[in-house]
Structure formats: structure tokens, C-alpha cells
């Protein structure tokens, strides 16, 4: 008996040693692979490559979103290209990213998508911020039978019965998952009075409706003391903040994204309104850096990805990314916004790895093969298990909510993620869209 | 000071603050139009340009006050160059040529800003001396917004003094009613035009710097302010400073109370007023010149 | 006789080129060409007011947007509505708006006219943006069915196929441009030109200037509505920002100025140049508006007559003909 | 019967009475001249009658109908044509196109957006006829902006007559042209206003006395005298109005 015990212990130590070595080896491997990665002027492979069209605004008021996700796509491409590329149609092909500027306008999005499909002959389309823009990209891709990975807009309506098409895959979480995560978080919290301030377009309205619905479910005693929708890219939030002060609200629920998110947070703290924001996009260093430790204390952020050090692969990603940021990157990627791979950018990297893994397993960029592989696929990403629901192409995953506090592990000049509340996927799984026959049991 | 009156006072103060900033921008616009008959559609772009200069000045180590001094002056210089080299030679094709040229200038400035300063929002923190709140009979009100109101009032006072008490002011007022006649009296009008254009752009520059700590500085900031200032000038009456002041306050308060009571219709109201005034009183409420 | 002969020959060649275009140039360039043709009609309809009657409108997007929205909404809410009917409804929408707006506008001229048109344009933009239930607000209105073109005897022609749509669009847009050309050649056309040169004298010659101006306003609005309707069918998507924004009003002005204000074909050349410029620049930079702005400034400063103005100058120098277009 | 009558016509321009109770009578078919020193109110009287300004009070009757306050286009359609002291033609259009504007208005072709104007032979012929009468035929294809000053004045008058009005009002037609050109212009005026009533404002006394059947002298906004040319020639008051105080 003793001998087998001794044997068991040996195996165990060997295993742990192996783990340590591989992670060490692996981290060195990622470090080596990414050592020369420069997002400001990425290496563009030529010849027979897998072409991915990146649809996002690169000019106009929300131009910074293009810059934000540019680094995510190129990180994955650079990593995989350094490993020789992806085996497709029996050949190892490198990944090439081509920009398509939507200028935050539906019409330019359609033109850019068509130019990528017909002009540059891309294999896959990836994008786009702004649900109304993503819808146009999705429809254009389907028209020319191209796979469109809707990786950034999270409106449920994008994949409902009316807008669903089999060439589109929704990899981020959805509005209902976000709203349910926040409602779930507040189930055990004392706050009772909520004020809703969202952007005046389909995403803002849908998010508010879902949150009100789930809040009634989790907290029948909760009360909505006010509701407002401000135009996109609003400048002066003062009148709205004044209304909130008078309403006696305890929490402000807002789904605003950059640049509205930073304006809203900054102006509320400047005007002495220190209520917590229940939000999804107030997690980047620029927004938080402006309001400092007290200004960002108590913010409740829900996200599909939260930076942590549990999984060895995330630990490795954080380490390599931070090292490169401090040592190598130039304008604009050396700013405080990119110190760590955070929220939306990290999630984009995570789902892009998944996308390329699906392409490799499908062994081809032919849409039919990709659809067959991706539907119902379960992928162990470095941020938990991602499952692509077969009938409506929506990804189901655990989501995370965290109340910012100080001191936090990652930043010292503002409060940030510390304790993370995980919302299990079966709780937050979005309902199947009615009227979509594919989903009828 | 219970909640509702606090809200009313708060909204009034916001209305005044935004109205005052609107007046700074609109005053430049209406003076330039009054004097030279040019409606400078690029005026709001100078407002944004100055905000970006403020960002650069603070980046290069200067403080807010240096920026408040330097940025408007740099913007005024650029404004003068635009008037001198672009606007001056094209009176031939009449107002239409000038109007469309200012559209070109607006487009160039809006894009050039993104080339030099990038696309993301730049933050300017409220200067330490003005940070924090002040207690006005029970209401907590940000000190900085009060500063903006008084700054604008001070500039208005300066402007009125200059226009009504100095010789140059008299020339400018005469020029508003009949520029050719004043020129006939031997006054170097092109020089006066240049000075008025410089003053107008300087005013917009001051507003640009004053607003940056309140809002973030980003490429889209000119559109909203530009359209509001335009409505203020049209309703107030072209070339009339008083008109600009009254309608700037009116629309500032409308902006606050519109959102408070009828959020969906507030922006529409602004344009309904403008259409009504333009249709029935093309010269505007106080204007003398179409 | 030779003059007419040359003209018909040129027409035949042009039509031949237009028919062969999609086969030769491929789908992407065909779509770009349709985009160009839409903007050409839009700019020509604006020039009817600017170049021919001396009225600068900063709110022309109002008619373009209304044409687009009426067509989109009618296709969305009225099922199996034929495509020609949708087009007509679009034009009608724009005409009705022009009829309502023109009495207020035609009493003014010069800067006041431009400012009121800008006011109306922005009012229409904000109203469409705010009443999302009807217009889809910032999200826009998409996914409405584009029905087949029903020709009495043959079956329907599928309009979602880019090449079929190209032929349909080019016939409609080309037809409209010809109609405008013919309109400028009619008596009302010469009255318009006289109003541009000296509206006071026209009054003393017995013409009621405001009613002529409103007729021009309505005709120009109607054709802009037609361009908007084709745009809605082409993009299958109408968004407030895309069809009613400030720059939708400025673009035709820029095209007309660059092409040549005082000539009929000026706006068409301007539209072509801007489309090519945009396609070319898009590969290298995101700053298209910067180049457009620069070109506009240079044009007004050094060549107020636009390209046609330069061509006319050159033509006169070489051929010594005394023409003042 | 008087084709045109004004009764106590008053027009004050912010306090200053430019026209102070003017009673003017123009007989059918006569050539009537209105003279007077500068600032007598001649041009204002003209502008009030032709609808540019609204009179403060008093009545204007044309062919028995009250026309004070009517718009210029209405007056023109009733048969009143006028020319301008400062040439106001369509510079960018050819002389032919200028004249055709009047003919189009005369033929009431004002709103026809269908037929090609160049194809309307009736209009073209009539325009050519008018141009011949105004001896402008040879410069028909020349843009008005390139005409000599004299020719432009002729075009000005041609335009005034192009709508075939019963009453033609000419505002200093010979202003600023040379002696011999004046002669040809006067002949042209005489020829064109054959069976029409004409009212002319003129400073050149030779033109006045060669053309006018009757003369009205206007002074400080009032009618000083209204009589045949010979009578006016040696009327002491008229001399005094023109020459200042009478040397005794």
C-alpha cells in the first residue's frame, strides 16, 4: 500500500512540476512570440492569407472604438502567425486584418462592408460598435454569403427572429445578459431606488426595458424613480444630473459607452453627485483616472470579462501584455488605457482566439463548414467556458459583476475590480427568441 | 432648501452657465456677421480648436490659467489668417461664395483636429483653485460653473465698454449699419474687419477653454455648440449683441428646463423657435440687418 | 446639321457605355456608380435652385431624406406595393413638404433664404431623430422588402440583384436628369435664369417672382425626393444621420461648386470627382472630409466657376468665341 | 380722358415730405415730360406710380382704376411698363434672351414648364421683330453685359416696351450718353412710343422739348406748372425754381 501511495505522490509532484514548467515554458513561448508585437504598425502578411475585415469607426465622433479593437485583432493575428498560421484547406495560412471604416454611420458601414467583401475579398467580417451599425454589417455579409462575427454590439434585437441570419455569429454577451447580471447583483443589496439614464437609440431603450423587467423579478420592492434617454454623444449632462439629484435615487443605471460614459461620470462627480453607477462600460483607466479613487469608489461594473489571475493563461496574457506596454508600445497604445488587457478589449481577444480555433477545426474558411463547426461548439477560453447556441448563434457564458474598491490589485490611482461576483451561465442565459422556427423544440 | 426648489435653482444655474457660454460663442458670430455680412459656419470649429490648444498648453506643463490666456489668442491668430488669406478675396462671388468657403474651413478644422490630437477624449481637470462646491443658501453648486458665469459677464461688460465708450467701438458699430459708408470716410475697413474677426474668434476661443473642464475635449464637441450658437444668432438678430445675449440666456434655460420637463421635445423646440422667427421676422428679434 | 449629328452620336456612345458598365467593371464598381448617379441627380436638383435661380439652400437634405423615408416606410407598412409606386410616393412625400415650406421661404432671398432652409433642414433632422417609433431614430429603418420590378408581360425582375438594380436606377436617375435639363430649356427656365441675374427687373416685366421661386423649389424638391427614394431602395437602409444630416445638405453644394455652378453638367462632374476622390482616398487615409474641405476652399478661392468655369475659360481662349454661359 | 391721374399724392420719408400733394394728369396718347431740379421728387413720384413704394396717402388712377399700393408685376400686367435710371438688364443673357423675357410676359407664357422655349416660333419671331425695331438686331447674340453703354440704354428702353404697355414710363433714358447717341436714342423713343402714352423724366432740355407734348414741373414735391413746352419755357416761376432767385 505504501508503495502505491509513494507512487501516487511521485506522479502528483511530476504533474505539478509539469504544470509549472509548461506555464513557464508557455509564458516564455508567448513572451517570445509577442516580443516584437507593435500595435502601432503591425506586421501585415502578404500572399495567400486568411483575410479578416475589421468593421469599426476609424473617423467621426466615436473613432476611438476603431483604435481600441484594432489592438485586440492584431494581438491574436500576430500570436497565431508567429506559430506559423492556421491550417486551412491543407495549407498553413497567415492571418491578415483589413480595416473598414464605418464612420459610426449605417450608410458608410454598408459601403465599407461591400468594399471589404467585393474589393478586398475578405474571408470573414468582424465588428462593429453601435448595434444599428452592426445590423447593417450583418445584413450586408448575409447578402454576399460571408460569415460576420458580431463581436462588439450586444443588442438582443440583432439576433431576434427578424434580424437573425445563419451567417452571423454573436460572440459577446447580450443586453439581457448584462441587465440580468446587474439585477442579480442587486438582489442581495440594500439599495432600493434606481434612476435609469441611457442613450436614446435601440440599445439604450432595450437595455433599460430588460433591466426594469429583471429588477422586478429579483427585487419586487425596488423602485424606478426616474428614466431619461439622452442623445448619442451628449456634451452637457448637467440638466440630467440635476433631475437625478432631485429624484432621491440611490443607484444610477447607465449603459453608456465611450465617449458618453466618461463625460457622464466626470460631470456627475464634478457636480457633487457621488451616487454609484450600475454600468457596463465605465471600467477603462481614462474614465476612472479622471475621477480618481473616491470618484470611482462604489461603481458597480458588470462585464463579460474581468481581469483576474486565476487561469494560468490569463496570468500569462496579463504579464506579457503589461511588459510590452511598459517597454515597447508607442502612441496611442502607450497610454493609460492599455496598461492591462481589460474588459471589452480582453473579451475581444478571447472570442477572436475562439473564432480562429473554430476556423482551424473546420479546416476551411468556407462559410458552410464554419457554420457546421461553430453551431453548438463549447470552447474552454481563458475566461471561462463559451458555448455557441446552435439555433440562434448566441454565445452563453458566465458573466461577472464587481463593486470597485481601493486598494485594488491592478491600479493604484483609482478604485478597481477586487471581489468578483460570478453570475452562472444558466442564470443569465438569454431566452430563446420567439418566432425563430430554428429554435422551436 | 427642499429638493424641488434645489432642483429649480440648480437647473437655472445650469441654464445660466450654458447660456453664458453660448453667448460667448454667439457674440463673436453675430459681430462678424453684423460687420462683414459673413455668417461664419466655421465659428464653432474655432471654439473647438481653442479647447484643443488648451489641452496642448496643459500637456506642455502650463496650468489652466496660462491656457485660458494663450489658447484664445492662438485661435484668434488663426482666425485672422483665415480671414486675411481666404475670406478677403472672394467678395466677388457674393455671400454665397463666403458661406460655402466657411463650410470648407469647418471641414478642414474638424478633421485636422483628429490628425493632430487623435480621436479619443482629452480630459482637463477643473483648476484646483476653483474645484469643489460652494454653498449658496443651502444649495451645493460647483464653484467652476459660477466662475464661467462671472467670466462671461466680465467679458460682456468689457465688450459693452469697448463698443460704446471707445473710438474703435464707435467705428465698429457704424460699420455694422453701413460698412461702405464708414470706408468712404477714410477708415481702413479691411483692418477693422480683421480686428473684428480676431475679436470674434478670440471670444469663441475663451468659451472653448472655459467649457473644456466641464465637458471632455473630443472631435464631436463643435457640432452641438455650433448649431446652438447659430440658432441663438438667428433668433437674436444678425449683428445685434443684445439680441445674442437675450436669446443665449433663453436657449440656455430652455436646454436645462427642456430636459427637465419635456425631454423628448426639447431639442425640437429650439428649431421650432428658429423657424418661426426666421419666417416672420427675418431680421431676428433685435436685428437690423438681414 | 453637324451639331445635331455629333450630339446624337455622343448620346449613343454614352448609352452604350452605361449598358456595358456593370459587365466590364464588376459589382463593386457598379454599386459605386449607382452611388455616384444618386448624388449626381441630387446635386443637379440643387443646382436648379443655386446655379439657375440664385437660391442657395442649406436644407436640401430635407427633400432627399423625406423621399428616402417615405419610400422606406411605404414599403415597410404596405405589403406587395410595386416598386414604381414606392418611388412615386417618395417623390410625392418630398413635393408635399416643398409645397408646405415654400410659401415661407420664397419671400426671402440671399442669406436669409439660406438660413431658413438650414433651419428647416435641422428641424426635420431632429424631428426624425426624436420620433423613433416611426423613423427608427438613430438606428434608422432597414430590412424593408425591395419588391421585384413588374413589367406587364414578362415576370418580375429581381431588384435585389445589383446588376438589375443598376439598370433600373440608371434609367430612373438618367431620366430625371434629362427632365431637369428639359425643364431649364422651357420658358419657366429662362424666367428662372433672369431671376438669378436680376429678380427686380423680372418683377417689373410682369412675372410674379415668389410663385416662380416656389415652382422651382417644388420641382427641385421633387427630384431630390426621387434621388432619396432610389437611395432607400439601393441601400435598403435609411438612417437619420445618413439622409438628413447637415453634410447630406452640404455635399451637393460642394459638388456643384467644384463641378461648376453656372453650368448644367457642373454638378454631375463634381459628383463624379468627389466619388472618385473618396474611393481613391479611402485606401490611404480616414480623413476624406479634410481633402474635400481643402478642395472646396481652393476651388472657391481660385476657380469660383468650378471645373466647367475653367473649361469655359480655356474654351474661350482657344476658340475666341464670345460666350458667357 | 386721362389715362393716369394722381390726387393729392403724399409720400413722406421719415418726416421729410418728398411728395407733398401731387396732382398729375396724363392724357391718353400724349408724350408727357416731368422736369424739375434735383431733389424735386421726380424719381420718387415715378417709383410710387410704378409700385416700388407705397404712397403715404392720396390716390393714383390708371384707366379709371385705383392702383396705389399695387405690386409692380400687377401694374405691368395692366399695361404699365417702365425703364430704370441705372441700367437694369440681364447681364449674363444675350440681348435676344433679354428681349424675349418681355415677349414671354406679353404672351402670358409665364408658367409653361413643358415646351422648349427656343422652339416657340411665335415668341422667337416677335422677339426678332422687337429687336429690329429697337435696331439691336445685329447684337442679338451678344451677352447684355458686353454691350456698349449706349446700346445697353437702348436695350433698357426696349425691355420697358417689350410687354407692349399702354403707358410707358422712362426714367432719364438718355442719362450718361454722348450728344449724337442721344439723337439716335430720341429717334428710337419716338418710333417705339408711336401710339402709346409716354411719361419721361429728363434733364436734357433739348430732349424734353423735342419729345414732350406737355411738361409738368415738379419742385419740392409739388407741381409748379403743367403746360405746353413753349409756355413752360418762359414761365418765371420755372426759371426761378431752376436758377434760384430771379436777378432783378
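The first chain written gets the first letter, and so on, giving A, B, C and D; residue counts start at 1 in each chain.
Convention: a residue touches a chain if its C-beta (ideal position, glycine included) is under 8 Å from a C-beta of that chain, and two chains touch if they have at least 3 such contacts.
Everything numeric here is computed off the predicted structure, so don't read it as measured data.
In terms of the distance between Cα centroids, subunit D is separated most widely from A. More C-beta pairs touch across one of A-C and C-D than the other; that pair is C-D. Subunit A and subunit C have centres, each the mean of its CA atoms, that are 42 Å apart. Separating the CA-averaged centres of subunit B and subunit D is a span of 50 Å. Here the CA centre of subunit C is 43 Å from the CA centre of subunit D.
The geometric centre of subunit A is 80 Å away from that of subunit D, both derived from CA atoms. For subunit D, no residue reaches two or more other chains under the stated contact definition. Across the assembly, subunit A contributes residues 59, 63, 231 that each touch 2 or more other chains. Counting partner chains per residue, subunit B shows two or more touched chains at residues 111, 114, 267.
Contact between chains, using the touch rule, shows up for A-B, A-C, B-C, C-D. On subunit D, the positions that touch subunit C within their shared complex are 50, 71-73, 76-77, 81-82, 84, 88-93, 97, 100-102, 104-106, 109-118, 120, 123, 142-143, 145-146, 159, 162-163. For subunit A in complex with subunit C, the touching residues are 58-59, 63, 101, 105-108, 110-111, 114-115, 118-119, 131-132, 135-136, 139, 143, 162-163, 200-202, 205, 231-232. Taken together, the subunit B residues at the contact with subunit A in this complex read 3-4, 6-7, 10-11, 14, 17-18, 111, 114, 118-121, 123, 125-126, 133, 140, 142, 144-145, 213-216, 218-221, 224-225, 255-260, 263, 267. The residues of subunit C lying in touch with subunit A in their complex are 26-28, 31, 35, 129, 132, 137-140, 142-143, 160, 235-237, 239, 241-243, 282, 286-289. By the touch criterion stated above, subunit C contacts subunit D in their complex at residues 182-183, 185-191, 193-194, 197-198, 200-209, 211-212, 215, 219, 262, 322, 324-325.
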